[in-house]
Amino acid sequence: MTDILCKTQDLKITFPHRLGDFTAVHGFDMEVRRGEIVGLIGESGAGKSTIGNAIMGLLSHPGVVSGGRIELEGENLVDLSDTAMARLRGGRIGMIFQDPMTSLNPLMTVGDQLSESIAILQDLPLAQARQMAADRLDGVGIPDAASRMGQYPHEFSGGMRQRVVIALAMAGDPDLLIADEPTTALDVSVQKQVLDLIRSICVERSLGVILVTHDMGVIAETADRVYVMRYGKLVETGPTAQVIHQPTQQYTQDLIAAIPSIDHREDRFRNPAKKTGEIDQWLLQGHKGEGSGDYVTASALTKDFATKKKSFWGKAGSFRAVDIPGLSIKRGEVLGLVGESGSGKSTLGRMMTGLIPPSSGSVRYGDHGLMTDVRTRAARKALRRDVQVVFQDPYSSLNSRMRVDHILAEPIRFHGLAEREETPRLVGALLERVGLPADSGRKFPHQFSGGQRQRICIARALSVRPRFLLCDEPTSALDVSIQADMLALLMELRRSLGLTMLFVSHDLAVVRQVSDRVAVMKQGQIVECRAAEALYDAPENEYTRMLLETAPRATGHENTQNMRRAT
Amino acid sequence: MSKNYIAPLVAALAVSTALVAPAQAETLRIASQGDATSLDPHSHNESFTNYFLANVYEGLVARDKDFEIAGQLAQSWEQVDAKTWRFTLRDGVSFHDGSVFAADDVIFSMDRALSETSNFKHVLASVESYSAIDDMTVEVVTKAPNPILLNDLLDLMILDKQWSEANGAAMPINLQAEEKAYSATNANGTGPFQVVSRAQGEKTTLAAFDGYWGDAGNVTEVVFTPINNAATLVSALLSGEVDLVMPLPLQDIPRVENGAGVKVVSSAEARTMYIGMDQWRDQIIESPVEGNPFLDLRVRQAIAHAVDAQAIIDRVMQGQATLATQYLMDKVNGYNPDLTRLEYSVDTAKSLLAEAGYPDGFEVTMDCSTDRYVNDGQICQATVSLLARVGIKVNLIAQPKAQFFPKVVAPDFGTSFFLLSWTPSTMDALNVFQNVLGTRDLENGKGAWNISGCSVPEADALAAEAAVTMDATAREKMLQDAMALMVEDVCLVPLHVQQLVWGAAENIDVVQHPTFEFPLEYFNVN
Amino acid sequence: MYFLLARLLQATIVMLCVALVGFLVFQFVGDPVLSLVGQETSVEDREALRESLGLNDPILVQYARYVVNAVQGDFGISYSFNRDVSEMIADRLPATIELVMLSGVLSLLLAIPAGIYTGIRRKGGIAQTIMALSVIGVSIPSFLLGILLILVFSVWLNWLPSFGRGDVAVVLGFRSSLFTWDGLSHALMPAAVLCLFQLGVILRLIRAEMLEVLRTDYIRFAWARGLPGGRVYFRHALKNTLVPVVTAIGLQLSSLFAFSIITERVFQWPGMGSLLLHAIGQSDIPLLAAYLIFVGLVFTISNLVVDAIYVLIDPRIRHGAL
Amino acid sequence: MLERIRSDFWYELLNSPVTVVSAVIIALMIIGCTFAPVFAPHTPFDPATISIMDNNMPPAWADGADPRFLLGTDLQGRDVLSAMLYGGRISLQVGIGAVALSVVIGMIVGLVAGYFGGMTDAVLMRVAEIQFAFPPILIALLFNGILKASLPADVFAQAAVPIMILAIGLAGWVQFARIVRASAMVQRGQDYVTACHAIGLPTVTIILRHITPNILGPVLVLAMLQIAVAIVTEATLSFLGLGTPLTEPSLGALIQIGSQYLFSGIWWVVIFPGIMLLVMVVAFNLVADWVRDYLNPRLR
């Protein structure tokens, strides 16, 4: 096969450690041809990024290629000297990093950075390089590129920055492009555009692309062939469609099965098996019978944030993060709140739970009345007991200096829900209820995996016997398989304990799985709010439709399928 | 800092400095631990300042090379009668600004010395009146016959009337006041040297005054640099950056003696160190003890016995001092050779204390300067540990002279136990009685430095008589007897007479006076 | 420029507060009346004096008066020198300035390259040595170092003068001892002592910043783009390193002034520092107060300069993005 | 896993012999100085036991030495070794005391400013900035100077150590306030704090039980560095004559006295205290550096 651009043979990468070496990748084989996009997918820790870095010769200390070959057009990169390797970078191999916000030097204009790369890689005089740079920027779809050359990275939006990054990576016209999670930090709408850009570049320049990602959707949208990885080993490979639709390996099957569908609500989430831990009675204690009606109602709610004032004497401006006429959640209902980053969904969520005060408008709780009326210490305590939160980042949401049992015992003791002596038993029971061993309380948060931490967070939320739970992107930081379990757990708890929930997420698929009703937010406003099924199947609002359109589907889009056939 | 980076530069500098050295042969570079506090000859009465200014200003009389009193601005004088002195002024003398010296300048200066803000009233304490007979003659009438009028007049510096009045310096600087003073930074005298530049605490440059009436040495320029760090002081001398160091820190004597091109010059100084004890308060201050132990003669004797002055001389003073038997050095007129010092004996001291009712001693606070006398701080510490052995617990407050003196001198006399010393500038015992030993009588300017407030009326009487006795031998006898009385009463505990020790470059001739004067006109650079 | 205007406003406030402290010290440490008249003055006379001095006015009025005078460079009269405080400062300032500048420049010249080097080759032997030395540098008390230098270079080797300021020459209207060999030879040791501490601090800071920056994505991306080492280090890393370093250097300037006090004492350098020590020794309050305000001024100005430099290096500040 | 972390600590520590040595030195010095009365062969602060007759004795190994005085005696006949131990005690007292004071003030100000932000923050930080206008050593110097000018001499002499602690402590709090504020602001943004709000915990509890433990790391590092600085500052003040009284000298005062005899062949009175001071400070710096790197693994 002559047109094989890059291949790895029995690639082995180890990170030496005094307590025994850790092998991140063992025996990995891969081929990349010109003009094709090869997807490299796996969950966190699968070693996929490591392979990208290895090909680039930028393994992070102390990692080393401990075996096998990396070939670029027959030349083995493994035994190349650093200087030789350095010459390959940019010229033969380009790379795109995950976060466009941090990939660019904040103190240099975009034009300078690009023309610098071009001048060096194609050794051209700077003037010429600048000229070329402008064209390149234009090429990656940056409007009136020439004038934006003089601007600094912070003046570009996320998507635009990623385009600049791509232009930079392409500055030396490499043969191979490694894209490491190129769209993970971007909104779905933008994500689509960037992927399309990569795709088109790949086609035009018959470029080999390695697309490293954790998102099956992205693969399905973009890749021609896919390599599925787990624990540094190759699990399965083949043409994308085949791997997705007839996976041969168990792991792949589970992986794909775990991906929540955006097109229908799966039954396991709609009515999950109702478990009852012995703690449920305790959790349900002191709940007045479920009346009907709204649990919480927000009316004419707005939130303004002050913005930096531009002129010295000028007034500090403010921008309206949230502005909604009203929103209410029925008892026992799960309301999904979707929107792109900066749409104000988290702010709204936090206002609904009283974590941040609204600029105007009011929030009324069925059991507690207007939040503004909740003044006395006792009343506030009661409210705080009923309303709890589960956060996105399982790492920052637990106090790393506190042992888990303290984290769980503190709220129980604070609200006087149990005597000192019975608290430990309750803590154990709670942990078991959320699917952790009862004795995990003696450990510290950093000794748990992301999923386990998220379970601890849920346990903490439950520990005060809440009625209303705000889930703020609870699964966004988790791997797909774990995400599914987490959603299942939440749904099960909701059913068993009859919780009311506000579920905030940017992921339409996830929201669909859990929500009875869904509200779509855009720039602080709710553009559409209807029963989930109705909204997904027949979106009324233009924006909603666009979101649903661009959302990547593991099954792949009809139109992209066509597009690929066309090339 | 990388060494090879500076080395060449350093070398170059070494050469360059070496080259310029001989060019300034006639310049005398003096480093002293203190600086003259002011250029006004009537404000700060502090010996270094006085003797520094004595090179710029002149008095009617002054000590010559051999330490004899001789005419300076006074050509000659005669005693019309016991009380009346007539001075014939030297003519052809001009001030540094060129104006001619005459009688009115003398009268003006005497007025100025007696004015409210002056600290030199004492020099004319014995004077009834003074007047100008003519342009070149001044007559001084004393209240009573004064055998040592000339000695008194040594410290009276003469300023130029016109210059002073023109520059608003008609009055001496008021040390209390926060006010500008021209005379603090400018001088216009008749002396052999005139002030070229003055940066207090930094550098003062004098130049030989070519219009000088007398003959001066070959020194054309004098550069004064105060250096307060002893180590720096010596290193400056050894590295040839200065030609004269005064005083030379005792601990560095051996080094200078062995040093190439430098020498140690030393002679006895008329400064007697002593410990003072509060004898005028009923309750001593800054001490828990009831009443005032020092009122008891036995306690004072005990302290004299307990303080091993010889050890202090040998150890603290490196032998650069002689044991003091009384409050004078032997060269001073009125020294009593028969007196001896109470010998060092812890037992005697203890038993005396026991008799006095302090078998376990007592606690007292001692005030001490750290930068005024040679090793003053260390002397005090030695005293503290010596007294500790007889059970007297001493809390030492050692502080710079700037804080020390305001605390202990008039009007507060804010101390009950202290280290001090005195130099009779007149080289006559009477000066000591008038300032240090005589019963305190501030109105008549007597006993202003009698900080311990001791009082022996018989001694006072003898001193008073001596003050008006013209017969030298009889007078000396009186002074000696008076001194005997004071020593017997242990008014103060005498420690030692310190040596005047300077370090100088080989090629410098200096003249040392027991009073620490440094008359630069007698110095020479070879 | 909004950013700088705001800073200027802050600076003014800072100075006013500093002046307040100076004023309080000036006014209440030691009764100014007592320092003006002898003990024997009668109570009535003192009252009269208080009145005439306006010491009975409301405190704010007095403060205002003090500030106004200070702005006109009138800090009262030193009672140990019987001269205008401002005059005295003016006399001593040049000496200190030249010392501070010489050592400041020295430390920067040495610290920046060394810092970058140790940042890039942090495991290297030379780097390790430099770091070890820098620890000593920041640790050794400057007075101790000064004494040792004198011992070695003045007494043993007799290469350099041990005290004082050398001959002064005028170049381009600037009077400084740095323009003469003699002057330089005098300034060298004090400057070295003063420089060493700063050197250590700045060097370590630059190194730390360098390490931080080299770890950032945009540097990794720069490598991935195939930029040569030199460009990555000096064009991309260094500039980003400088932002925090500049602040620190700004701060160091005022600490240079502070440490010059010690150096000046050890080397008999006739500058502000020895003046301050004299003032303390004499409890010369007007002088103390003035010095206080002076250092405040130095700091405030250096900070303004720093801010200005910021605006130059960091576009994000220019655009109010930070 | 927890064991891993702890063993990591020892592993890293033992991998840096310099640090181990420094730590040991610090330990020894602290013990030696705190129990100076026990270890010191003489009691240099008790004049009764000092004899002027055995002053200026060279160290034991030099000729003309007296075996009673291992490192010789000073001009007062004080045993240099004992004087160093007692002086070192003062230096450590001042160093640690002053830093403790700074930490307390800095923590309070920093936490309040960082947690509540807004106006409180603005005001507090402006104050801090003003104080920052003055290098700590200068503040301590002026503070001491002004007190010396206004207090009666004996009071000042008696209270020398507390005054010094006060001066240096008050001079040093700003840096602590700054880093505490910075990290408090970071912590405040963390979800676990929001979770505490959600639970309804009172602010004080949140600050003390949750935020404070999370910001101690940097404070610890700075504290160690500051102890070194404080010791040097104390020594410097004493050297400038604003510090401890002649009869009870700290290390700095010993060096100041000794420096007068630097060229007089009596080198031991300045060299030994000098070395001790230097070693003490270097040791603190080295340990602090190591702890910083340890707490910030990315630097490894």
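Just so it is clear, A, B, C and D label the chains in written order, and each chain counts residues from 1 on its own.
FYI, a contact is a pair of C-beta atoms (placed from the backbone, for glycine too) under 8 Å apart; a residue touches a chain by one contact, two chains touch by 3 or more.
This is a predicted model, so every value here is computed, not measured.
> So which has more C-beta pairs touching, B-C or A-D?
B-C
> As a test of understanding: of all chains, whose mean C-alpha position lies farthest from that of chain D?
Farthest chain from chain D, going by C-alpha centroids: A.
> Using mean C-alpha positions as chain centres, tell me how far chain A is from chain C in Å, no decimals.
50
> How many Å are there between the centre of chain B and the centre of chain C, using C-alpha atoms for each centre?
For chain B versus chain C, the centre distance works out to 40 Å.
> Using CA atom averages as chain centres, what separation in Å is found between chain C and chain D?
23
> When you check chain D against every other chain, which residues touch at least two of them?
In chain D, the residues touching two or more other chains are 148, 241, 259, 262-263.
> Multi-chain contacts in chain A: which residues touch at least two other chains?
Residues: none.
> Going through chain B residue by residue, note those that touch at least 2 other chains and give them in order.
Chain B, residues with two or more chain partners: 229, 231, 235, 238, 400, 403.
> Using the touch definition from the top, list the residues of chain B that touch chain C in their complex.
It comes out as residues 1-2, 6, 9-14, 16-17, 20, 38, 173, 176-181, 184-185, 199-203, 225, 227-229, 231-232, 235-236, 238-241, 400, 402-403, 411.
> Under the stated contact criterion, what part of chain C meets chain B in this complex?
Listed in rising order, the residues of chain C that touch chain B are 32, 35-39, 76-79, 81-84, 91, 106, 110, 147, 150-151, 153-155, 158-164, 181-182, 184-185, 188, 192, 195-196, 199, 265-268, 270, 274-275, 278, 281-283, 286.
> Along chain D, where are the residues that touch chain A in the complex?
Contact set of chain D toward chain A: 1-2, 4, 11, 190-192, 194-195, 197-201, 205, 209-210, 213-214.
> List the residues on chain D that touch chain B in their complex, please.
46-53, 55-56, 75-77, 148, 153-154, 157, 241, 245-247, 259-266
> So in the complex, the part of chain D that touches chain C is made up of which residues?
126, 129-130, 132-135, 137-138, 141-142, 145-146, 148-150, 228, 232, 235-236, 239-242, 252, 255-256, 259, 262-263, 270, 274, 277-278, 281-282, 285-286, 289, 298-299
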